[in-house]
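If you scroll down you'll find the structure; I have some questions about it.
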Amino acid sequence: MRVDGRQTNQLRPVTITTGINKHAEGSVLIEVGDTKVICTASVEERVPPFMKGQGKGWITAEYAMLPRATHSRNQREAAKGKLTGRTMEIQRLIGRALRSVVDLKALGERTITLDCDVIQADGGTRTTSITGAFIALAIAVHKLADNAKFDKYPITDFLGSVSVGVIQERALLDLNYEEDSKAKVDMNVVMTGSGKFVEVQGTGEESPFTREELNQLLALGEEGIGELIVKQKEVLGPIAARIGG
Amino acid sequence: MRVDGRQTNQLRPVTITTGINKHAEGSVLIEVGDTKVICTASVEERVPPFMKGQGKGWITAEYAMLPRATHSRNQREAAKGKLTGRTMEIQRLIGRALRSVVDLKALGERTITLDCDVIQADGGTRTTSITGAFIALAIAVHKLADNAKFDKYPITDFLGSVSVGVIQERALLDLNYEEDSKAKVDMNVVMTGSGKFVEVQGTGEESPFTREELNQLLALGEEGIGELIVKQKEVLGPIAARIGG
Amino acid sequence: MRVDGRQTNQLRPVTITTGINKHAEGSVLIEVGDTKVICTASVEERVPPFMKGQGKGWITAEYAMLPRATHSRNQREAAKGKLTGRTMEIQRLIGRALRSVVDLKALGERTITLDCDVIQADGGTRTTSITGAFIALAIAVHKLADNAKFDKYPITDFLGSVSVGVIQERALLDLNYEEDSKAKVDMNVVMTGSGKFVEVQGTGEESPFTREELNQLLALGEEGIGELIVKQKEVLGPIAARIGG
Amino acid sequence: MRVDGRQTNQLRPVTITTGINKHAEGSVLIEVGDTKVICTASVEERVPPFMKGQGKGWITAEYAMLPRATHSRNQREAAKGKLTGRTMEIQRLIGRALRSVVDLKALGERTITLDCDVIQADGGTRTTSITGAFIALAIAVHKLADNAKFDKYPITDFLGSVSVGVIQERALLDLNYEEDSKAKVDMNVVMTGSGKFVEVQGTGEESPFTREELNQLLALGEEGIGELIVKQKEVLGPIAARIGG
Amino acid sequence: MRVDGRQTNQLRPVTITTGINKHAEGSVLIEVGDTKVICTASVEERVPPFMKGQGKGWITAEYAMLPRATHSRNQREAAKGKLTGRTMEIQRLIGRALRSVVDLKALGERTITLDCDVIQADGGTRTTSITGAFIALAIAVHKLADNAKFDKYPITDFLGSVSVGVIQERALLDLNYEEDSKAKVDMNVVMTGSGKFVEVQGTGEESPFTREELNQLLALGEEGIGELIVKQKEVLGPIAARIGG
Amino acid sequence: MRVDGRQTNQLRPVTITTGINKHAEGSVLIEVGDTKVICTASVEERVPPFMKGQGKGWITAEYAMLPRATHSRNQREAAKGKLTGRTMEIQRLIGRALRSVVDLKALGERTITLDCDVIQADGGTRTTSITGAFIALAIAVHKLADNAKFDKYPITDFLGSVSVGVIQERALLDLNYEEDSKAKVDMNVVMTGSGKFVEVQGTGEESPFTREELNQLLALGEEGIGELIVKQKEVLGPIAARIGG
């Protein structure tokens, strides 16, 4: 039995609330256990300089934690005057993952920025951000579709993400903070609705891992992401129908 | 009639939810109309270098807005690498206001940091932050009281804040964003539970104002803050009793 | 009697020397007691990006202190790599105050930057900067008038500023540094030549203040600013005649 | 046949030259095809603040490219005033990977910094840095062993790294720059001498990948790293014998 | 004849006013033609970290120009967030030059910071800063002598500086801005009261120069510095007597 | 006899290897004793903003040291977030020196950036950078000549640089690190192939120097630079013939 009574292959309770921001084109509060992230999608009718004149759009993401999202207070990055390496790594991951299910040509010369702000952290903030940001993105693109008259619908597939890890020789799904800090192997998996991998990032800083362990972790990740994508479809309702269409 | 149907001296609906963060010593989500601010109080058993060895505590505040708290997305200050003048001005104001109702000597050598993060903005974010931060502070100090065994209770009075302004020759209480952008005079008022002024900041950039207008604005501010402090007392319940005691 | 022998409603000696910089379009050295500020006005025939294409001009201000303007040496902000919150707050105040007496449309697409550099500080540096910067601005606009052929003269009124405060239950005009550091209430007032308020910033960090005290402070401020504006008129001579015309 | 005539599972020529810096405790120039990296190990008899008093050492890495290491010149990060997200991500990876084969307790309260400076880039700079930095580290620890009289030898295993990718449905080992820019899937693998995984980072930004493709990539990576570790042993000679001892 | 009617070997008028800052331990306003620099000396009873425990003092300098010291306004370095290369080069030069005539051991564990702030610039700001800063330093050390009871007087010689240059094949002393911008060779010379060189910095960016030209420039510099040191002695009066004693 | 057995007027062994970077338009590894610098020339078909529209080109230089180029490791400037004053001073010197032998008009609207990266430092890194950067520049301009069809060849003369200094009353050529740290006078000299001075920077921080010493140092510098330029001609071979043509 795990510290919070879950099975090895059991996700924490997932709650997804859409429309939580009156200004954003898409917004969601996603809660996975005690991890809570606000994801907003902001649409701008222009692309960054390096994308100009290519007839393509851009998807980018930013990630931050409120100072007291964590057990003890962290200094704000704005006060430090720079982003930490961890933040940069995470926001590059989120952006890259979302772009893998967007046809940038079909999107046209627009930028959608996904802001993932962690209100409360209890492990898995980057994977929860990806799962939530996908929903905010889907809502924003759906809203855009009325005016943009896309030839091809720009979202090509669903996208979910979860963390998995090895603690005391057992592979576990969806680690909370306490589990994460004890894990000898830690892996973040991002997959599409059609069951393909978008990102696999496994780290064995505490102890290297075998091919066998890697396989177990990937199987758990696949299972968990499948469940998360089911929830995404429920939440999105009719919006879901157009994705990948 | 105002744009949202309120009377000139009518506050927007106020909702205060405490305990919204499991890590923070005090936390509150305060909603004044569509302005929503998360305030957390973080207690540390040390003081900043400039306060060392004085046998006194310190209260400080930080303020930020999520990038899409506003109508169009703002760049993060962490990405810019520095705080804007507006942010610095606001967090200096919040900290100064809260310190005016705390006996730093009674608090002892501790720092309480009030983080005010605006989730959604519709005018009055700095005044709402002060009103909300006071509650988070009161909860944190109450929790502290069990162990700290204060000789004197460190919070000496209640503290609330509201914005007022002049639009088309009428003095109005609690401006929303639309009103704020049309106001020729804009004033933020901070007052104590005993009806004294802590901060009065009036600006007539668009048009200077008369002593008569100033008096009307102060009267409206006094009325609004009185109501906000009534709500603070309701929310704090038994905690309220010790304040100023 | 005050520490330097002044009456409660008595300004320190004021000396204003114009033309102290051969490059600037307007320049002044203003001395209020031992507080000395060099104010220069620099005219540029362009506006900042956010003002482009509106057919309007812009007035902005910057403020700094020489490292040894104060009793002990302060580190330069250029060496720190950023402006302090105090500096940002002050330069925003100066710019806002000056704009309140300039018709930006009448000014045309130009920027006038007022640099206020404190050579020696003894209290009231921000209010002295405003009073002095107004003169530098008036000189620069006057010089501009020959070529710019304004339809309407862009300066609409005089502008002066002074600090007031409460020390040991007495309201005092124009605090020097020693008084300022003992004041329980500190207020900066900015007013126009026609006796209207542009900024009222009162702070009772040490102790909240009553409506009665506020009224006394405003009356003192009004009196002091009146005297400062008389001096501005003397210094400006014929230039004064066109202001508000 | 690949663009440079290699087999799918063939590494580029590898040249490793040790002792190329007279000051550093360990140094190596590693060349993998046209990718050239100088790796130096610097030993300091102290640990960073967050490691103080734990009786353990620390291994950290820094990574940079000379401005003209690449096809067109890149601006220096020192001139920009900050590290890019890519650099931070890479140096975090190198440090983490090296720590996985070091017993920090056995190392004692010392810091070893591995500087990886890319002199010329042609794909695989991060994996080449890891393979080269391990050698510099091994030399530095060997040198240290004379004086430090380790109870247990601090390096517990060999460590190598290589990139793999999928181009036109074929899995390829050790991509050069031209291949890397065409790859639909890109993966960096870090493994120990005993054949365990330390890091697996696979990205399918251009196109998601299947479990089958992942398996092929891992197999290729395992094969390539095996060869690199054989070369490390040759280069290290007698030093190799103590590793993992 | 030069543009302002001077002889080739003639300095501009020099005015030196001491005691212009009531807080600083030493202060001077030095005017060389239209170049005006405020120099203050600030004494602190501690040394920077890299000098600790050596029983020696430290002399350092900072240099800045007010934004409108020059013909057109320059952005403040504090606003840019960093010092320019030119500023760093100049303040390193000033500090180095002053240290050449101070016995740091005799000074004891103190730091004297010389702030050179250019109020108005018309060529030769760095050399004027050195000449002026020496006086401020001398005054501060003299004041210090009463309490510090130096075994040996810490200032070992006088120090002056001037610029020289070649314009249209003529070597000229003390270039003003107009001359400086036309010079094909530009040289700054720093010398002691006993006629030795402390710094010689000659630059022929526009056109290289011969040994013969170099000799002429050095001769002119020697002559000009001799006159400046006579003025320093007049201004310092009785303080001068102890220098080098 | 000097510490490494050289005569007072003897250079350290000089090795120059060209073509060490496959991407750069010109590249060289220059070794002067144990000082090793990689110099690359990067050509861009545009000029910086301040040079636009003048029909002229621009030559600029950047300088850096690898962290472990020196005896103990230095923090990277990219990690500090800013360039040190020393680096700025050096890169300004290198750029200025190179521009003195380039006819910017003849070069046309192009920028050539010389990157000087010190791989290993043992004194004289700035002078070695100038001597090496000249060669990289010459190679790049030669390559450019085929397409650019210059009316006039843009390189007008050779350029070399060396350090000289006084140790124990003896003037020495080409100081290594150990000598440099003992020198009471330190001078960097830059000269053209036709024997004229481009830069003379002499510093007597430890002790001022006489005209006689200055003359000896200049003579030594002239002799050493003469030898360096002979080597440049050998290395450049046929490319040398066009210089100054």
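Just so it is clear, A, B, C, D, E and F label the chains in written order, and each chain counts residues from 1 on its own.
The rule is simple: contacts are C-beta pairs under 8 Å (C-beta built on N, C-alpha and C of every residue); 3 or more make two chains touch, one makes a residue touch a chain.
Which protein is which chain? UniProt says A, B, C, D, E, F = Ribonuclease PH.
Please read these numbers as outputs of a predicted model, since none were measured by experiment.
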| item | value |
| --- | --- |
| Steps needed, at minimum, to go from chain B to chain E via contacts | 2 |
| Geometric centre distance via CA averages, chain F-chain C, whole Å | 51 |
| Euclidean distance of C-alpha centroids - chain C vs chain D, Å | 60 |
| Chain B and chain C: spacing of chain centres that average the CA atoms, whole Å | 28 |
| Set of chain B residues in contact with two or more other chains | 81-83 |
| Order of the ring members, counted from chain A so that chain B is second | A, B, C, E, F, D |
| Complex contacts: residues of chain C adjacent to chain E | 21-24, 27, 34, 38, 40, 42, 44, 62, 64, 66-73, 76-83, 87, 113, 115, 117, 119-120 |
| Residue numbers on chain F that touch chain E, as the complex places them | 82-86, 88-89, 91-92, 96, 99-100, 157, 191-192, 194, 196-211, 214, 218 |
